[in-house]
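Written out below as structure tokens is the structure these notes cover.
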Amino acid sequence: MGKSEALPSRAKAQRGTLAKAPTGISGLDEITLGGLPRGRPTLICGAAGCGKTLFAMEFLLRGAEQHGETGVFMAFEETEQDLSQNVRSLGFDLDKLIADGKIAVDHVHIEPAEIHETGEYDLEGLFLRLGMAIDSVGAKRVVLDTLEALFGGFTNQALLRAELRRLFRWLKDKGVTAIITGERGEGSLTRQGLEEYVSDCVILLDHRATEQVSTRRLRIVKYRGSTHGTNEYPFLIDENGIHVLPLTSLMLNHTASSERRLSP
Amino acid sequence: MGKSEALPSRAKAQRGTLAKAPTGISGLDEITLGGLPRGRPTLICGAAGCGKTLFAMEFLLRGAEQHGETGVFMAFEETEQDLSQNVRSLGFDLDKLIADGKIAVDHVHIEPAEIHETGEYDLEGLFLRLGMAIDSVGAKRVVLDTLEALFGGFTNQALLRAELRRLFRWLKDKGVTAIITGERGEGSLTRQGLEEYVSDCVILLDHRATEQVSTRRLRIVKYRGSTHGTNEYPFLIDENGIHVLPLTSLMLNHTASSERRLSP
Amino acid sequence: MGKSEALPSRAKAQRGTLAKAPTGISGLDEITLGGLPRGRPTLICGAAGCGKTLFAMEFLLRGAEQHGETGVFMAFEETEQDLSQNVRSLGFDLDKLIADGKIAVDHVHIEPAEIHETGEYDLEGLFLRLGMAIDSVGAKRVVLDTLEALFGGFTNQALLRAELRRLFRWLKDKGVTAIITGERGEGSLTRQGLEEYVSDCVILLDHRATEQVSTRRLRIVKYRGSTHGTNEYPFLIDENGIHVLPLTSLMLNHTASSERRLSP
Amino acid sequence: MGKSEALPSRAKAQRGTLAKAPTGISGLDEITLGGLPRGRPTLICGAAGCGKTLFAMEFLLRGAEQHGETGVFMAFEETEQDLSQNVRSLGFDLDKLIADGKIAVDHVHIEPAEIHETGEYDLEGLFLRLGMAIDSVGAKRVVLDTLEALFGGFTNQALLRAELRRLFRWLKDKGVTAIITGERGEGSLTRQGLEEYVSDCVILLDHRATEQVSTRRLRIVKYRGSTHGTNEYPFLIDENGIHVLPLTSLMLNHTASSERRLSP
Amino acid sequence: MGKSEALPSRAKAQRGTLAKAPTGISGLDEITLGGLPRGRPTLICGAAGCGKTLFAMEFLLRGAEQHGETGVFMAFEETEQDLSQNVRSLGFDLDKLIADGKIAVDHVHIEPAEIHETGEYDLEGLFLRLGMAIDSVGAKRVVLDTLEALFGGFTNQALLRAELRRLFRWLKDKGVTAIITGERGEGSLTRQGLEEYVSDCVILLDHRATEQVSTRRLRIVKYRGSTHGTNEYPFLIDENGIHVLPLTSLMLNHTASSERRLSP
Amino acid sequence: MGKSEALPSRAKAQRGTLAKAPTGISGLDEITLGGLPRGRPTLICGAAGCGKTLFAMEFLLRGAEQHGETGVFMAFEETEQDLSQNVRSLGFDLDKLIADGKIAVDHVHIEPAEIHETGEYDLEGLFLRLGMAIDSVGAKRVVLDTLEALFGGFTNQALLRAELRRLFRWLKDKGVTAIITGERGEGSLTRQGLEEYVSDCVILLDHRATEQVSTRRLRIVKYRGSTHGTNEYPFLIDENGIHVLPLTSLMLNHTASSERRLSP
């Protein structure tokens, strides 16, 4: 194999690295070489009980507390009260963060009646509402939990793809670093099997019992425009939140320079 | 891996633990560190013959006898007489508990005729009826057996999700600790494959014959806002009801402190 | 694990055991600790050639000859003449039992024309006809062979469930011990995958060739309100009918006391 | 296990064995203890290239030549000329047997136009035509090749079942020993997955390449009212037709007495 | 096992062997004992990249050059120019063969518009056009590449079967030796899963990477009216075309006499 | 096996090799013996995160910089700004190449509204627009990223096939060397399972984690009219782009002469 030559124009070009937003999640920022893609949406997918909502919430809470970035959590399943109660076991005082104007939680209640007609949800209202929540705290980070609440009723693949692109584009235009959670499908990363293609960054969480013992694993499936660790990394959840284990992050340091990606 | 730092605001926050309702089921309260989430619904799922109804019934009976919490059993498959007869082999006198006003059994008979039109079941009537049953005994615990009786005919995923959320929200608003049983789907925890995402707590029961010998196993798939054992635990059913085996619960004590969860 | 305490009210309650109807099938009454649930329907399911019809017929014939219980065989696939001819190889004289008023065989011919419209079969006519057959011999035992003849055309899951419940309820109200045969589905016990949830007792028959050698196995998947052996038991078919092998029934005696069930 | 007692009425009953029609196929009549059920239809199923048509044709040809039973071959795929040409390599002179009035071949051409409407085929015309062919040679044996030509377009399971029953009943009423060929479905014996339940006798042919070497196997899946070998038997096809290998037929002699069946 | 007796009428019958058309493909004519069935259509099926079109083209080219049989290639995917260009790497001058009137290539362009209505393609126009191409060179060999171009839009199984039969019958009536290529389906030989049942001869090509190394294999799945090798044969593609490897063809010589087939 | 003879006309024919466009991707041009088929479209398929877009982009960038061939990138998912940002990490200055008129990027925004009606996308507008982009830079290379954006909504297989052919034909008529990216389907190379049959050249990219360690592999599934390496080749992505590993390319040199292909 002849080594690819460095090109003249390449020498001139500035090797920019994609701007990143640190998650503060222990171990993850090492694997991603800095965090999630700043100003772009990231898809966190996995089965029930894998830790998607916890991941998204920790990203938001640490953003507000450690990195001075306010955030919006748009919840379709849980109420502000539910979330606050769940977060308390990790020692976070969500109510105070809300009162301090660092986090805004918006529980969107989708009426069965508005779904009955076509099974499709119109995004315009969501954009309006989400825009107001973002403005209310000057949010830099946004979580949408979960994608299925919006798109679960779509049956036309082409339309779903177009709407996903529209949502992702809207978030990019807003300049926020976003996390969108998605449920696992049968034999595919996501329920509809195409959300991962439209996304710039995809992280898969897994929680599986093998021979009666359960383990949690995290894998960065895709990260457009950035180098990243590509293996499966075990992670734990304890009283300080999620910890992606350093074992493989040591190995990663040795191989990181040889794995760069442009766009999948 | 740098250990995540404890945050200033976290130090101040009171580490509240989610309130729990003890099941009285041997071994289970150890694994769940106290029982099921109080005031929230829990989904018990598994295939035919796995012990779902027995689990739900024992939770209710022990609640009434051991913890002074009255309960309602809303049955769609079995009559009060069937249930009473089945429970007798475990030494429980369901008829007496009903006569004493500690348990109310409501057998709901769904007429094929009312399903014929859309395959969808309107929840309003159920809420009215369940509300009355709850009030009649001042119930703190509720069992709905089974989810499929209500939602088996739904074909629109978005609508089903909205209705599930409505049911779970109604139960939360009532303040009851609830168990809802659900049938196993092919390749997914539940028949429709989304019930487990909407639930706060999900326990999977399994009864499988491997090389001619059958074993029963229990796994806590999800428990929002609480630490819990995450392995598969073998269990037995004998004349005192369900026994989750202590073998792994000993192991659990050693690892419990390192596994905390906020919300999946 | 702390052993569950015996409750005060439990001490008072009479530990009734569910009434059972002996099948007379060698080995089976040991595994079931007495036979099938008396006055309740049992589902016998399995693939083509597994021995479902033979099982049901032997239950009826031995009921009439050994236990003085008359029976009705409602056949949708085979005629009285077919059944009589098939039974002769086992040494049973079905014609004589019919002439003596101990067994009634009713061959129901479902016209394609009456199915054409909705694919659904109305149960009212069946109840009327079955009721008359039961009365004609004062039947204590009933066989319906096969469930699919009645429900094969249903496509609405909620409606099918409601109709199954109606059939099972009607049989219970009649007070007969019933066997209903059901065909195996792909990846599930039954064709529609929900018949086993609605049933009180489910027995699975299996006939499979592994490395060119075939074996037959029987498993009690579910038995509401009763203890039962839970393993897979090999069985043979010879000139005296079905024999469930004693090998594991010996093992069962040792473990029977530690496995009690209320309702699955 | 207590051995099932012989019953009084059983002692009196004549142990009739089901009448059988010898196939003349080497080895098969030993495994079936005499041949196919006389006066009943048998389903021969398997994938493309398994030898279904050859099996059916040899049954007919040997019936005419060795057992003095005339036969009708109703073909939906191949013409009389095709069949005659194919049969010649086995040394059979089909044209002469037709000229001698021992075999009648009827090639039924189903026009696409008559299918277009409902995808369902009306059996009345077939009965009329088949009846005439049977009468023309006084046929005792009938082959229908293949079931899918008649029922491939059915989508309503209940209707298909009713029509299959009607066809099988018509053949029984005619008193002919019939073979009906059926194509293999995915994960089931037959394409629709219910043909095997409606049949009295089912034989599965298999032709599969394992590690580059192909083997042919035959298995009697079901045989109502008769004892039969239940293993998988290898078979060959040579210039004298099908040979089921004697290896296991020796083993069968030893175990035959312990495997009797009534009706599956 | 008693050896099947030779029958009186068989002794008289002339053991005709089915007429065959040599392919000229190295190794294949040995395995098929002479080539493809003359005057009948053969189905060549396999996944993308397995070599179907190459197989069909080599059959045609060698027919014209080695066996003096002119041929028609009816292409639905590639133009005459594409085919000529692809064939040149094997050293064939397709343009000259066309100019010499030995081969006719007809590229059929199916307009999306004519499919839009029913998804079904009317064969009459094809027959007319193919008939003219056959007459133009007096073709003895015909290739249709590919079946899916004609039948990809059919959803009614019964209608598809009838149309396939009509096409195959038309080709037989024309007296040409034909190859029809077909795409592989999931879990079945062909896309619709019934093309192989309607065909007289079926050859499966396979190209699969196992542990990073790819191998090509060929298997004769079905050959009505003729003996044939039944194993999987490895094959290569080099500058002289396809070579089925002689390794197993040696083994075949030893076993050929014991494997004769009539019709599958 | 008799070696196929060289034919008289073959000796005369010029052994033309298909014209190829070098990709400049390290290792790939060796495996393909020169690059992708010049003037024909190539399908690059694989799951999310496999590197499809990177592959296509590197082909275009190296074409412009190393081989003096201008190119058009038609993007349906990402904007020009996104692509430019992603490419920067590899040291390419896309903006400059665009300013210099060497590359044109056209981001096509498909409105949900225009899909709503039939789910089908009309190609005429695309051809017009793509033609203008090609003319604007005099493009020799074209990338369409991704096929699903155009065809995701098609449900009629015959129509999809016809439209794919139309697109591929249009690209061939334009004389450009094209790459079209396609998403992976379940159990098939592509989402619809027929794109690979219509394509002249198909390359599969794979990125899979086995026992926690991820590896990337590339396989040339199909290459009409050319010899090519047929194994699975590991590849890396580093700061100079994609590197297909030379390990197997050494092996390839030894076997290349024995593997020639015409058309699959």
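We call the chains A, B, C, D, E and F, going by the order they appear; numbering starts again at 1 in every chain.
The criterion applied here is as follows: contacts are C-beta pairs under 8 Å (C-beta built on N, C-alpha and C of every residue); 3 or more make two chains touch, one makes a residue touch a chain.
Since we're looking at a predicted model, the values are computed, not measured.
Novice: Looking at the contacts, which chains touch subunit A and subunit F alike?
Specialist: Of all the chains present, none is in contact with both subunit A and subunit F.
Novice: Give me the superposition rotation angle from subunit C to subunit E, based on Cα atoms, as a multiple of 5 degrees.
Specialist: 120
Novice: Quick check for the class: compute each chain's Cα centroid; which one is farthest from the centroid of subunit F?
Specialist: Computed centres place C farthest from subunit F.
Novice: Are the two sides of the subunit D and subunit E contact the same residues or different ones, given that same means over half of the numbers occur on both copies?
Specialist: different
Novice: Going by average Cα coordinates, which chain is farthest removed from subunit B?
Specialist: Taking each chain's C-alpha mean as its centre, the farthest from subunit B is E.
Novice: Can you compute the centre-to-centre distance for subunit C and subunit D, using the mean CA position of each chain? Integer Å is fine.
Specialist: Centre-to-centre distance between subunit C and subunit D: 30 Å.
Novice: Quick one: subunit D and subunit F, Cα centre-to-centre, how many Å?
Specialist: About 52 Å, centre to centre.
Novice: Two-or-more-chain contact residues of subunit C, please, as numbers and ranges.
Specialist: none
Novice: What is the shape of the graph in which nodes denote protein chains and edges denote touching chain pairs (line, ring, star, complete, other)?
Specialist: ring
Novice: From subunit B, heading first to subunit C, what order do the chains fall in as you go round?
Specialist: Sequence of chains in the ring starting at subunit B, next subunit C: B, C, D, E, F, A.
Novice: Per the contact definition, I'd like the list of subunit F residues that touch subunit A in the complex.
Specialist: It comes out as residues 24-27, 30, 48-54, 57-58, 62, 65-66, 77-78, 82-83, 85-93, 96-97, 110-112, 115-116, 119, 121, 146, 148-149, 152-153, 183, 186, 207, 209, 212-214, 236-241, 243-246, 249.
Novice: Going by the contact rule at the top, pick out the subunit B residues touching subunit A in the complex.
Specialist: Subunit B reaches subunit A through residues 1-18, 156-159, 161-163, 165-166, 187-189, 193-194, 196-200, 202, 217, 219, 221-227, 230-234, 248, 257-264.
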